[in-house]
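Both complexes shown next keep subunit A, but they swap its partner, so subunit B is in the first and subunit C is in the second.
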Partner chain A sequence: MNPKLMSEIVASMPDEIAKGIQKTGLREGGVWMTVDRDLLPKIAGHIHNSWGAALVSMHAVDNRFITSDFKLCVVLALKGQDDFVTLVASVDAKDPVFPSLTSEIFCANWYEREIHDMFGLRAKGHPDLRPLVLYDDWPEAAFPLRKDFPVDAKVPRVPRPYVFREVEGEGIFVVPVGPVHAGVIEPGHFRFSVAGEPIIDLEIRLGYAHKGIEKLSERLDYAKGVHLAERISGDNGFAHSLAYCQAIEALSSVSVPDRARYLRCVFAELERVHTHLGDVGGIALDTAFTIGAQHAFILRERMMDVNDLLTGSRFLRGVNCIGGVRKDIDEEGRSKLIERLVMVKLDYQEFYDDVTSTPSVMDRLETTGVLSCEAASDLNIVGPAGRASGVDRDVRRDHPYAGYRNLSFKVPVLRQGDVNARFQVKSEEIMESISIIEQAISNIPEGELRARVPVPAPGKTAMSLVESPRGELVHWIVAGDGSPFRHKIRDASFHNWRAMEVAVLGDIVPDFPLVNKSFGLSYAGNDL
Partner chain B sequence: MNDLLLALIQAALILGLAPLVTGIIRKVKALLQSRRGPPVLQPYYDLRKLFRKSSVISSDASWITSVTPFVCMIAMMVAALLVPVFITASFGSLGDLIVVVYLFATARFFMALAALDAGSTFGGMGSSREMMISAIIEPAILLSIFSAALIAGTTDLAGISQVLVLGGTDLLRPTLFLAFAAFFIATLAENARIPFDNPATHLELTMIHEAMLLEYSGKQLALMEMASMTKLMLCITIAWSAFFPFGMATELSPLPVAVGLIAFLVKLLLFALAIALIESSMAKMRLFRLPNLLTGSFILAFLAVMSFYIL
Partner chain C sequence: MGKGVVTERYPNIPYVPHDGIHGAPSFNMDKCRSDKTCEEICPTDAIHIEPDQLCIDLGLCIFCGDCALACPHHAVTMTNEFELASKRRKGLVRVHAIKQ
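Coming up: the complex of A and B.
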């Protein structure tokens, strides 16, 4: 980032806000500002609203045994520039309260609830501080991400009632669904308030898949952390491990060999293709258009088969390592991959035509589950779901990593925001991904597969953004002694779950599974 | 006496072949989806498995829950006695077509009650949707059957098929085709097939018929499953014997009976194929679009009756 921009940002703030900035500095990851706790909402709100910045992450660090306070970090991505602003505020350990950002930045809501759950820092003025990730019978004063909470601690079960939103009125019924479902899907509780069939309100309660990944990562050395990252969210394993590896590489200031960068693009796009194929197949299946669905699932199977052929893992596990990749694609693998891609491309076109030329399917997809452009930008919806509602953001283009700077691709953006728009965006992305793989594989430079990476010095901070198939995901790491001191993970689903509460309003209950499928969100990635 | 014996044989045929029809539909659908699919006899295996298991009943459930599987199954068994299969004879003194329709309604009424009984949310949703749909299909089914009864001059099913078989092509009027079309749509709705309901889904929120069965397990579930398979079989049989009974035997001698049996099996297969094709080629409709299609069925049935008087 150029220093001029930084001073422009500071200069644009009114004096009563600007006085809260204690220190500014440039680092590799953009601007760092140390700000006053009480003015944090105003400063973050100013950058968010006047500079069109998007909230990338908000999290806390327990620094009590180093600087005897908690640090609160707010990371914002500036619009149209490959730059980030990180605001750091100190929260007194004896007075663990900070003013809530939610009134300035709407999508800070869940972040503050999460911080409240995990660190016991209270967001003053927050509209809703019910537990977000912790179980219902978790005791009130146990904060898992604090440093004095042992990772293997056994906590007593203390029943705590969870008060759901209540909708009152004549003929309003509550339909609770889950957390255990009939299909083989992850756990989540959906509470509909319905008037007959139309949905008046939906409240989503997650956290049932919480397994303490961030805490676990703090005691795993970096090499093992890669395997942990791969398992954060099953079908997005490569994207997560890529973000983790890139963050560690940034901590050690190592640059990855060019061949590995290109290979990472190839594998990341292979993951996108098979995830998207599963999603579009699922959309067809939920309308009961089974022939179409099976067509997509066959293609997905073919792509996973090619993953297996190239790397020995259908889910691309064990491919990433810190400093590069473990698997090379040789001449034979390359020709097989290209052959398979051509086949899938043609077959996908057939599937696409099948679906779009069947009126009964299109009738189900169109105008169902509309997420308006305003709601999408307020909730900071990322990935294909955001792009189907006019949010023109794609990490691969806006903050290029791996080899994306040298590859050309289109970012499809639609504005309708319905199930059909999400289907169309994913369809186009499958084609773009295939084209990216073809470009990368035919221009791949010769060279090493991985660089040697020294263990990062404790205390350094790095962040990595990756466009996973579900959208932007973030790994933010403070280096510790051989393992991360703090490892913040934010999956795309953490932003996108809230979109569903808005998108289903006005639809009828039987259409909910279709809307849900069109967002294709991860429970495990959200609950961590 | 002869009639009773024939009715019993035909009812046994309906009950015995019902799981096979479901198995064939599933198999054809699987093949169309490029899957190998379960064996055609899988529904028999499933029933055998379920009959060996005990049932779990919600502690909130009343006697309705325990009685419903029997009511449904008995209603279907009685209906099976009234429907001619390969010979134009049935236990007609017990009741006619209208009785069959109301036997279906009785089963449905108890099923909807049982779904409400345990107080589960999905059961309630299933019941309300089922009742919405049945309110529209019942008139369509009755009207379409009336048009066949008008031609034959009787509402006794065996009588209708007898008149139609003996009358041959002379009686092949537009009325029959219109009424058959109306009855076909109603059959899909009555038996919870696509585009009305998806019999293969696991998504509780979208279910209609299956949502009402969610509370059942073991033997009770087996009875409920058997009842719905029999209902499908009955609808198919009625569709052929009330509108196109051609090939059916009119007297009890070996050759006509053999022809009648073969004709029945061929028609059964045709109907199953048609259902499988429809289920594979289209999506389930939105819930609130279903009344439109059902009204279409009603209008076809209405036209069938009108055309009888006009033409």
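Coming up: the complex of A and C.
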């Protein structure tokens, strides 16, 4: 970031807000501002509203054994610029309260609930501080991400009834679904309030698969952390490990060899293709278009098979490493990959034509599960789900990483915001991803696969954003002694789950699985 | 629309995996010097070296291949053996005698 922009941001603030800025500084990755806790919402709100900055992450750090306080970090991405503003406020350990940002930045809601669960910092003025990620019977004063909470602690089970939103009125029924689902998918509870057939309210309760990944990462040395990152959210494992590796590389100020950068793009796009193929197949399946669905699943299997062929792992595990990649693509692999891509591209066109020329399918896809552009912006919906509602953001283009700066691709954006728009965006993205792979594999520079990365100095901070198939994900790391001191992970689904609560309104319950599939959400990525 | 038969008659016809898949790690005990490199690098604590034996627990192993990359004596290789199911938990633990 240039210093001029930083002073412009500060100068644009009214005096009563600007007085809350205690210190500003430029670091790699943008501007850091130490701000007064009480003015944090106003400052963050100003940057969010006046500079069109999206909330990338909001999290706490337990610094009590270093600076005797908690640090609260708010990371904002400036619109149209490859720059971030990080606001850091100190929260007194004896008075663990901070003013809520939710009234200024709508999508801060879940972040503040998460911070309350994990650190015991209370957001004053928050509209809804019920537990978000902890189990219903988790005791009240046990905050897992505090440094004095042992990683292997056994906490007593204390029944605490979770109070759901109540919708009352004549003829209104509540339909609770889950957390155990018929398809043995991951767990989540959905509570529909219906008036006749249409859904008039949906409340989502997640957290059943919370595993304590951030806590676990704090005791794993960096190299082992790559394997943990790969397993955060199954089919987005490459994107997560890439974000983790890039954050460590940034901590050590190491630049990755060009060949590895290109290979990372190839693998990241392979992951996008097979994830999107699974999603579009699922959409076809949930409209009872079984033949179409099976065609998509055949294509997905072909892509996963090519992953296996190139890397030895269908889910591209064990490919990323800190400093580069562990797998190369030789001439034979390259020609097999190109051959497979041509086949999938042609077959996908056939699948696409089958779906779009079947009126019974299109009737279900169009105007179902509409998410307006306004709602998508307020909730900060990321990835293809956001782009299908007119949110023109893509990390690969806006904050280029790996080799994306040198590759040309289109970011499809539609405005309809219905299931069909999400289907169309994913379809176009499959084609764009194939084109990216073809470009990258044809122009791949010779050279090393991996750079040596020294262990990062404790106390340094780095952040990495990656466009996973589900959308923007973030790994934010403070280096500790051989392992992260704090590792904040934010999956795309943490933002996108909330879109469901809006998109299904007015639709009928049987359309819910279809709408859900079109968003392609991850339970595991949300329940860290 | 026809796609023909795309499924395979596994297990009647054995599946031949691609070369280089990460299947079960294999330990060459003639080369092993029991220096514990693999034990230390294993991210899931699947490998345990005792004075007289090396145990690899395939129920914990995530087939990452770090042990094979790290072993200074090239005693570990990742094989393409993938049919590892067992009816008993113990059946997933493989024990290799350490040659003194």
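We adopt the following convention: the second predicted complex is superposed on the first by the 528 of 528 C-alpha atoms of A that agree within 3 Å, B and C clash if a C-alpha of one lies under 4 Å from a C-alpha of the other, contacts with A are read in each partner's own complex, and residues count from 1 in each chain.
One rule holds in what follows: contacts are C-beta pairs under 8 Å (C-beta built on N, C-alpha and C of every residue); 3 or more make two chains touch, one makes a residue touch a chain.
Owing to the predicted nature of the structure, the values given are computational and were not obtained by experimental measurement.
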item: Room on subunit A for both subunit B and subunit C (clash or fit); value: fit
item: Subunit B versus subunit C as contact partner of A:Ile298, first or second or both or neither; value: both
item: Contacts of A:Leu242 with subunit B and subunit C, given as first, second, both or neither; value: neither
item: Apex subunit A: angle to the C-alpha centres of subunit B and subunit C, given in degrees as a multiple of 10; value: 80
item: Which of subunit B and subunit C A:Val75 touches, first, second, both or neither; value: neither
item: First, second, both or neither for A:Ala462, with subunit B first and subunit C second; value: neither
item: First, second, both or neither for A:Leu309, with subunit B first and subunit C second; value: second
item: Overlay on shared chain A, then closest C-alpha pair between subunit B and subunit C (Å); value: 5
item: Contact residues of subunit A, present in both the subunit B and the subunit C interface; value: 291, 295, 298
item: In the complex with subunit A, residue positions of subunit C that touch it; value: 1, 3, 6, 17-18, 20-22, 41, 43-44, 62-66, 69, 78
item: Subunit A-facing residues of subunit B, complex; value: 29, 32-35, 121, 124-125, 128, 194-195, 198, 200-206, 279-289
item: Of subunit A, residues touching subunit C in the complex; value: 220, 223-224, 227-228, 231, 291, 295, 298, 301, 308-309, 311-313, 317-318, 326, 350, 354
item: Interface residues, subunit A side, partner subunit B - complex; value: 173, 175-177, 181-183, 196-197, 284, 286-291, 293-295, 298, 358, 360-361, 363-364, 508-513
